[in-house]
Amino acid sequence: MSRPKYAPKNPLLSPRFGDVATFNRLPYVPDLKGKDVDVAIIGVPFDGGTSYRPGSRFGPRAVRDASVLCRNFNPSLGIHVYDRLNVVDGGDVSVNPLNLQTTFKNIEKHVRQVHEAGARAILVGGDHSIFLPELRAIHAKFGKPIIVQFDAHTDTADSAWGEKYHHGTPIRRAIEEKLISGSDVFQIGIRGPLTSADQEDYCHEQKISILDIESFQDSKKRARFFSAIHKKAKGSGKGKPRPVYVTFDVDGVDPAFAPGTGTPVVGGMTSLEALTCVRALKGLHVCGANVVEISPPYDHAELTSLLGAALVFEFLGLMASR
Amino acid sequence: MSRPKYAPKNPLLSPRFGDVATFNRLPYVPDLKGKDVDVAIIGVPFDGGTSYRPGSRFGPRAVRDASVLCRNFNPSLGIHVYDRLNVVDGGDVSVNPLNLQTTFKNIEKHVRQVHEAGARAILVGGDHSIFLPELRAIHAKFGKPIIVQFDAHTDTADSAWGEKYHHGTPIRRAIEEKLISGSDVFQIGIRGPLTSADQEDYCHEQKISILDIESFQDSKKRARFFSAIHKKAKGSGKGKPRPVYVTFDVDGVDPAFAPGTGTPVVGGMTSLEALTCVRALKGLHVCGANVVEISPPYDHAELTSLLGAALVFEFLGLMASR
Amino acid sequence: MSRPKYAPKNPLLSPRFGDVATFNRLPYVPDLKGKDVDVAIIGVPFDGGTSYRPGSRFGPRAVRDASVLCRNFNPSLGIHVYDRLNVVDGGDVSVNPLNLQTTFKNIEKHVRQVHEAGARAILVGGDHSIFLPELRAIHAKFGKPIIVQFDAHTDTADSAWGEKYHHGTPIRRAIEEKLISGSDVFQIGIRGPLTSADQEDYCHEQKISILDIESFQDSKKRARFFSAIHKKAKGSGKGKPRPVYVTFDVDGVDPAFAPGTGTPVVGGMTSLEALTCVRALKGLHVCGANVVEISPPYDHAELTSLLGAALVFEFLGLMASR
Amino acid sequence: MSRPKYAPKNPLLSPRFGDVATFNRLPYVPDLKGKDVDVAIIGVPFDGGTSYRPGSRFGPRAVRDASVLCRNFNPSLGIHVYDRLNVVDGGDVSVNPLNLQTTFKNIEKHVRQVHEAGARAILVGGDHSIFLPELRAIHAKFGKPIIVQFDAHTDTADSAWGEKYHHGTPIRRAIEEKLISGSDVFQIGIRGPLTSADQEDYCHEQKISILDIESFQDSKKRARFFSAIHKKAKGSGKGKPRPVYVTFDVDGVDPAFAPGTGTPVVGGMTSLEALTCVRALKGLHVCGANVVEISPPYDHAELTSLLGAALVFEFLGLMASR
Amino acid sequence: MSRPKYAPKNPLLSPRFGDVATFNRLPYVPDLKGKDVDVAIIGVPFDGGTSYRPGSRFGPRAVRDASVLCRNFNPSLGIHVYDRLNVVDGGDVSVNPLNLQTTFKNIEKHVRQVHEAGARAILVGGDHSIFLPELRAIHAKFGKPIIVQFDAHTDTADSAWGEKYHHGTPIRRAIEEKLISGSDVFQIGIRGPLTSADQEDYCHEQKISILDIESFQDSKKRARFFSAIHKKAKGSGKGKPRPVYVTFDVDGVDPAFAPGTGTPVVGGMTSLEALTCVRALKGLHVCGANVVEISPPYDHAELTSLLGAALVFEFLGLMASR
Amino acid sequence: MSRPKYAPKNPLLSPRFGDVATFNRLPYVPDLKGKDVDVAIIGVPFDGGTSYRPGSRFGPRAVRDASVLCRNFNPSLGIHVYDRLNVVDGGDVSVNPLNLQTTFKNIEKHVRQVHEAGARAILVGGDHSIFLPELRAIHAKFGKPIIVQFDAHTDTADSAWGEKYHHGTPIRRAIEEKLISGSDVFQIGIRGPLTSADQEDYCHEQKISILDIESFQDSKKRARFFSAIHKKAKGSGKGKPRPVYVTFDVDGVDPAFAPGTGTPVVGGMTSLEALTCVRALKGLHVCGANVVEISPPYDHAELTSLLGAALVFEFLGLMASR
């Protein structure tokens, strides 16, 4: 296998803390047209859909900084990521911090351009509201994907303060817009108090599969849940496998592991458990992925940004493993 | 079931970060007389019994702030808390930061008033020394309760610097005052270096049941321990069940999950394990509960306060589940 | 002079760190109608107009916490504030974190209600965008006020990202809406790089008086500037004095004194200089005031919140001194 | 002049961050008897007299850590401190964190022992309540000293929560105990809201000289104030000069310079102004000194501890300059 | 058993936050000659071998501060540590922050002196590069030890930036210098991206035993791994057991438990798992141990320092248990 | 004047917190050859010459992040910086964190390449040791420059721990290497304890001009000092003006304004005073400049990085003003 066009700077020649920080010290290629790129890591510095602690607009910058500790070989997956894939830092979506709808349009347009250039996108948020416009682009390219969602919340609220679009509603809106089917949604790590039991009813009606934190602790239930994902992703068996989208809201892990986030819920999984679950998706056709809700002003010692960077590296591993 | 008299402000109408922060955004009702309240959450901002890091005097204020993320429905217990119970923010006990004995009198008096108004109290400390005067009130109302204590320390020291009353002695003093029996005390999460093995002897003599952190990791021992609690709580089987008091010193969990505390001991349980254990008390007659030793100056990103608020919400769930 | 209806809790009876934190430990009176209130301190937890670091939505809560150190007598002004004025914590404006226009309407309406109840309002932000709707209410009640603005920025930008309403535009919008006249605007502490010199042209055209940080250091220029304010405020001399509005963006002081803010600019005045300038407004007819841009996630040891609380106390002193 | 018996470790041989941290890297000599010591720096890790933020019990440890940056020669005073004085780290007073009266006895006893060994003491607090027992020892040895006090507060309160002894009362108690005379007390940096103007009356009655922060900014008033100190310290002119005690509450400086303190008041002097004022006491007979109210849990980047260490070094310079 | 010569200060007489902080409040004995010491805890404040975040030069001071919470009896091991062993704070190695080779010589010399005095050394780093010179001294005294290494990294890199000696190379250099054999090295907690799969080849060639984090989660593999250690340590069965050296790089645990470190890798073990593993070494002939890579500037609430102190206490327990 | 080739991204189109952070959001141009660049801002992420707190290796990254708040027009100097100068982010010098001499060679080489490309360099450290190799390049290009140094320390130490090259020696070494003359060195802000008065002797012998912090407070002395700089810079009056180099160690300002630094000294100037002094150099031929000793791990709310970025912007203004 020949050396890829794009590779991280060599840490043994130039120290990791040096120079301008790009995702994984990869080349910065904001315009992908004609660039032979397989995957672009793209920031979406938007927190205008946040209901509690803001700050995830600084998520992309913080993940870039933390990602310099990432390297080339993923020993858990046994893959030399950059030998298999041409990966670049695709820059940030041009957001409008004061206007969610404008930002949504820019996100969708930006991801469509990535797809047009023949590449897949990994997005670094930003709050979870950015997922909806991304799904619009994903749907246009790949059709309805299977959704694997790590989260404390189901994000199926209807509205808040009369607003339909915010970080608690992307799954509901995406189902309404027929971008995804509820029965294709797999949620892991759900927990915490709800406004009402009615919130569970919607998920039930939509046939969303939920591995809540109580079930998560039961190894058999966990295995069954991931089996179901693999089975669903395999498709009918005749045609090609179905596309899978992985969305990771960092509040899916316990706030001890991800303090820098907007709506923390205690009693979640560990980082190790999360990474193990992500790696369990190996072999699936991952058409896109994101990590969202990293709020650096509330982070400490880059804990949350380091987790975000590690997740991006695992997403790359998943994409490289097929 | 009719809507209760007291309910949290609706987060979908008024954002959680707004307005004066009361416990769980509940009405502030400092005087309960004639108010038809089932449970009052009451702050005890006193850290005058602390032997190492102070700061838990700011615990009630920090838990109020963090508790705004709590809602109504507890999905783990399957209970709409505020549909079943009238709960209010009962304000703070009037403490004297310079005088432990005066403060003790005020705590006992305040909790007695809650009981006289027909309500139960959930206390938010403050250091663990506040537990003794609370037990005086509890004993007066309910007789000897069963104690379920989450803690890194047994709190059975005799004295320090010649002082009998501080945050390391409440269990011993309560046994001496015949407010509780050692054989009714169940301690979970005990660990860490001791001044001497003699400290273990006292617990042994008093027949205190201890699930230390080594045993905690053994699922069978853990199950047996909780069975023993339930059996003991059931009482003789003839009369009514015995009252159970839950006291949660946040140093019972690992400092990664509760950094904001006064005498941290590494190597503890996770927040998820702690919450699971608390929920395992469902069905018992919980006559009162507290969460203590939250020291905000040492906290980060509200980790410890969020845990404190979540525990209060679980205590309410336990109280509502009977 | 008789004791006022409303007074802070006595710190010698109940410690300052205890109980629910209201502004200056004053009674919480969200509905002022018929309550005989002179001044209401009101939170506006909105940061949806922020261009850089968000977080000022937590400003009101943080200022409430810090304000418990405030007392009754202002020795610099020689005034027993609460003996002269009935002051309350008026709660927060009901904001919509996702919708600036809805929030603007609520702010204007809330302040109008304060005025209708015969009271003046002191607002605690929130970002500086909240100033525009407040000015709409001020103008409706008092006509065009004189503006004394402490700030690093002139807030006379036209737009950003195509948006006319954000925290960099309130002065320009207010002039356009004829709520204020540029020649009545006095800005103190202006400094830092600009996108272009054109930004200065607008201020010049509008006859805004600016005491930039270079001139601020010159005691004669400073004295002349405050003389001009007093002269302007005196009005024609025949009728009554003109109303003065004081708006304090905490980035007006150096970030060493106010680290918790959204768009810090180094090289500003000290807290002491700022307080001295505010006190120099004694004797004017202060019809309203605000302190904005306190972003607690970036604060340390409550430095910025303490400054915010101190400023509110000085504003009360100014209002009480006539 | 021969090399002194006791000297800091040489930073050019052993790095400052190495080894056990003692005050100024001086030898640790807890028992001074027969040790030929001129000055002992002694910690008083007690915050049991604190009314708001605790934590100053960790003050001595933090000042020891920060003091390793101190050296030998004071260029502002032109003095090689350790060539003139034998200085040691005298360890800490044995405090009882739960008992103010026991602690007071231990403080007085400890300082008396220092005096008996022929040495002077510099105390590092701890909260300001420790000043009273120290004054008892000072008075026993030196008679009534002149007090030069840097502080935001006059510390002349009568009581709080019915308690006569806490960090707001040492000056009043010392006057009542006839350890000092009000007319010998010089207070610098006083500012901030008061419970009532009556608090100023007591100082006036006792003829305490106050350079409040407004007067402090007037260079002529400042010069007159220090002249008055020098004149008073000179005594009648016939006998020997009067002893001067310097007590420095770090809230005397602005919280931007000393964030780590218990009852911060914005609008204070700078560190540079404070050091300049301390140096202006050169030539006086300084019989003792302390720096108090450093609360490390609220500090950042050791700002406040570094100031504390610098002040101790200046106190040594004053003592060495006669 | 008679009381040992050296014991921690009694916390019930003198509070833990008081006085000069030595390791575990033990006597400071920098020169061990003729002192009848069994174990000396020694700081190595050197971070000149760090490739990413520096700061571990402040590790010894921070661990001293945190270690004051340690006591005498280890309940997990059932041992009164200080009744069995004479332990002291042996001060710090004299490091040269600008010169790794000089520092290496000083480390080796210092540890040799400890051995010559008949004592064992526990080192507190400092970065992991300090391990190589220590191994030189260990080898000279004990021959080739078995290495039990807790770490995220194998530390078998060849060089970086052309430098052979840094914190990523000690194991490789030690094998090359024949201080240890690869087949005697047992590594626990290894994880995270690598520059290349080649890095795994070296470990394979050298027969290093690795319990990576995936295997670590499998209780059977974990048990087998520790069995292998015990078997290897028993030696041929004829002669005496082989010496075992325990080296604990705190990045071996998850950064949620040890945020204060230089090259954090998410997805590690918990503190409790780490302590349990260390205790599983009970019965072995532990000839020395260290804890390294604690970087206090990145720590929070002393989490990492407390872990470091707890590990030292466990190392003492292991040494005392034979 | 035509628009320059290189300009910062427009903040009104793309928000400041977005995209990869370069210095002042300028284009990243690591190879200047043939690029028509006037000034390159270059990072030197090296802290291997630090004697106390490390961390300045992260200085360039932190200053890049903070510098996004800089814009185009400098109102204090009245200059549109980027209309006059082509400025780029020149990337970082390739440092070797383990080898000072290699790093020194790379710094000199890098700066020489900047000069060869016809540009001037502004360096962002890193610790002050990087100044010496830079002076070697400066001397080769410009001859002996006049040095204007903001600093708490004179940096004229001879050696420490036997090492001649570290952050306390660059001025002495540069004089010895005849890169500069002592009589051309102007130091501002010097203060703090010294190991010995001898340290002052060297400066005196070398005729270094020092405006220590005591003199700095005297406006007449300050004016005379800056007059002397201007006079010296004017040269003989016949030929062209002499080159001036500005080196700004952030510990020159008080740690309240620059907490994130390695060897803080309390009692320094304010940020505003520092900026005013830098601007007072307007009109001189500034051949190069640096800002050093920013240690982000000790910073808070970016205070120190913001100052660093502001200083770079002022340096650009000075360069643009001729």
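Chains here go by letter, A, B, C, D, E and F, matching the order in which they are written, and residues are numbered from 1 within each.
Keep in mind that, in the parts below, a residue touches a chain if its C-beta (ideal position, glycine included) is under 8 Å from a C-beta of that chain, and two chains touch if they have at least 3 such contacts.
Note that this is a predicted model, so its numbers are computed, not measured.
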{"item": "Contacts common to chain A and chain D (chain labels)", "value": "B, C, E, F"}
{"item": "Comparison of A-B and A-F by number of C-beta pairs in contact, larger one", "value": "A-B"}
{"item": "Over-half contact-pair match to D-F, picked out of the listed pairs B-D, A-B or A-C", "value": "A-B"}
{"item": "Fraction-based call for chain C against chain B, same above half, different below", "value": "same"}
{"item": "Centre-to-centre distance between chain E and chain A (centres being mean Cα positions), rounded to whole Å", "value": "38"}
{"item": "Centre-of-Cα separation between chain E and chain D, whole angstrom", "value": "41"}
{"item": "Per-residue overlap in chain A, given as positions that touch at least 2 other chains", "value": "13, 15, 17, 51, 57-58, 96-97, 160-161, 254, 256, 270, 298, 300"}
{"item": "Chain contact graph, described as a line, ring, star, complete graph or other shape", "value": "other"}
{"item": "Touch relationships between chains, expressed as pairs", "value": "A-B, A-C, A-E, A-F, B-C, B-D, B-E, C-D, C-F, D-E, D-F, E-F"}
{"item": "Contact footprint of chain B on chain D as seen in their complex", "value": "47-51, 53-55, 57-58, 96-100, 102, 160-163, 165-166, 297-298"}
{"item": "Complex contact set, residues of chain A against chain F", "value": "13-15, 17-22, 28, 30, 43, 45, 57-58, 60-61, 64-65, 89, 91-92, 94-97"}
{"item": "Chain E residues within the chain A interface of the complex", "value": "51-53, 159-161, 191-197, 199-200, 212-214, 217, 254-256, 259-260, 263-270, 298-300"}
{"item": "Of chain C, residues touching chain D in the complex", "value": "10-13, 15-17, 69-76, 78, 80, 254, 256-257, 270-272, 274-276, 300-303, 306-307, 310, 313"}
